[in-house]
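Before any comments, here is the structure.
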């Protein structure tokens, strides 16, 4: 897996202040041939869980050798480590704060190396203690994209910080999970997956005192304004309002309980 | 007209969830040389009319051979078709839901081919019924950008869905139109065009009980806070508040009646 | 300093209307090899001061020869000039309205040339009086990025519009400055700089009736919810709430007085 020069960026910087743009300036200064894709910069401030989730839904769709840079970093400048994680498919560059939890969970034994970034040779000459995105992470990602091997950036380590993934609980004929993410359309994505539902012929989904009978295949199968359950694009059980917002209609929030009753 | 590798994206996905980024990952996986331009991802959810309007104002300014991909697609996964529309100038890839209405209206006989996308050879191997943007549209656009001819993607068809364009009505010494779009500055863009006004020496514009006498050439011709009428950058009659928001000051909305009295 | 094909864009256009995308279409039509970086498009409408500040924090981090295009232009179409400013490091293209004030202040004698853009040979054939970004600035930046020398675009001039930089006032053992910018996290960036504080061993920072004793090096040094003062990534004294928003907690606004008492 050789780097392809493709770098994705996921941050909580927003676009108003230019902090994303300046990272791209640093990257292009080091690798003028880089191609940079914004994955999301609208992660809620300091919301590591949300960044981890958004990254987890998309990274598999990028070509092998893509470098995924994640800067949601409330511990910037502290003793928290900065890591390069190399899998069979991709390279991840991120603070060691759990933001790669899903990646690690998915990859398991396919994680090849974890490097503790410590070699200042590949950083900008002056490091602001509050903007490692610009001064450490961006130049490291850029040098990686040129083919500098991960070992050049620091020592190999054996572990990294992960948070416990909120797992759906299975009971007698039922599953209890949570709303894991609410997307731009107000759709509620859960931590219950299609594979969890395979043993049942019929299901009911309950969220916020609403019961939905059966799964729709598409939004268009429901009537305008109807609450439907369906399988979203990363195989998650999800709840939507047709041409509307389930978040607004149901008053739903991330963390809300979702119950599936099957038979 | 050969594809140039330039692809524009217009969606209602927003930037928070990474759904735009993943489409770019798919495109770069197929055509590493593609150049991708975001036209807008802040189309209101499911607002086909708005997407059609935004696309209509800009596509002419892109180099010949540009591929314009539009994914505002409430009917995703249903029987609605997915189309490639080839004009003398450009290629459009979109669901068949009216989002190309202005393009078709502008091009008339210059539409060369309409292809019903049906050949899964150019799609991702697994298709989510709720994210054709990633699984069908992005790979089709990427293959088109490599020079795969439109006919390879499916059968030619003769028609596509369009909606009736809201036309200004001409009366005795007057015109009645509507607010067609409100931009980021709160300027009101109408469906009355410069050419509609050429026969008059003087005009008055009425919207939301406000009457504006004459056209300003620039914002700077008015006083701070003044309501002015002017010709916007795609030749539309428009109403603005100098260094302010006509939407906020007048309480205006898309669809509001706009009357021009001329002599 | 040869142009590298790298162009940054800073505007108040937002992303919803496609006005940024169309500028990129014009640029790619002229220079297909251009690389374009969005610095910010969420500058408040007509807020020249904010655009000047955002640009000032980032331009130094781009490779030599980068072209920085700024279109925050309430005077578009009026007699205000359009300029190319060449420094030892970079090229700036902008309306002559003060948006380059910090650049000029930083560069002083390093400004090599100021060109009044007047040669329509490098513009689009038809010029909308309300969208010079698309019709004049974008094509000028694109031609510059191809290596067309600045002199080809118009006559050299000797001056440009700048606004007085809000300077911190030094008193007996104290400094008075202002909040210059509030970022996405709600952090308050001031016009007091690290160098202004070097003579003191201990400082207190006062803003909105809140007194903060001492400087934190990182956000993580404070407790969750604590108000801290620190040096931000462009050497500005700044005030933050750890994992929160100083803007929201303190009700702060741009222009608020900030006082530093030192000893």
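The chains carry the letters A, B and C, assigned in the order they are written, with residues numbered from 1 in each.
Assume a contact is a pair of C-beta atoms (placed from the backbone, for glycine too) under 8 Å apart; a residue touches a chain by one contact, two chains touch by 3 or more.
Treat the numbers as computed from the prediction; the structure is a model and nothing was measured.
**Q** Name the graph shape formed by the protein chains and their touching pairs; answer line, ring, star, complete or other.
**A** Topology of the interface graph: complete, with all chain pairs in contact.
**Q** So chain B and chain C: same face meeting same face, with over half the numbers shared, or different?
**A** Counting which numbers both chains contribute, under half are shared, so the two copies meet through different residues.
**Q** Please report how far chain A has to rotate so that its Cα atoms sit on those of chain C, a copy of the same sequence, as a value between 0 and 180° in steps of 5.
**A** 120
**Q** Can you compute the centre-to-centre distance for chain B and chain C, using the mean CA position of each chain? Integer Å is fine.
**A** Centres of chain B and chain C (C-alpha means) sit 31 Å apart.
**Q** Can you pull out the residues of chain B that are in contact with at least two other chains?
**A** 15 - these are the residues of chain B that touch more than one other chain.
**Q** In the complex, go through chain B and note every residue touching chain A.
**A** 12-22, 24-26, 28-29, 32, 45-46, 74-78, 80, 128-131, 134-135
**Q** Given the complex with chain B, which residues does chain A contribute to the contact?
**A** Interface residues on chain A, with respect to chain B: 4, 6, 8, 10, 15, 35, 37-43, 54-55, 57-58, 61-63, 66, 181, 183-185, 217-221, 230-233, 243, 245.
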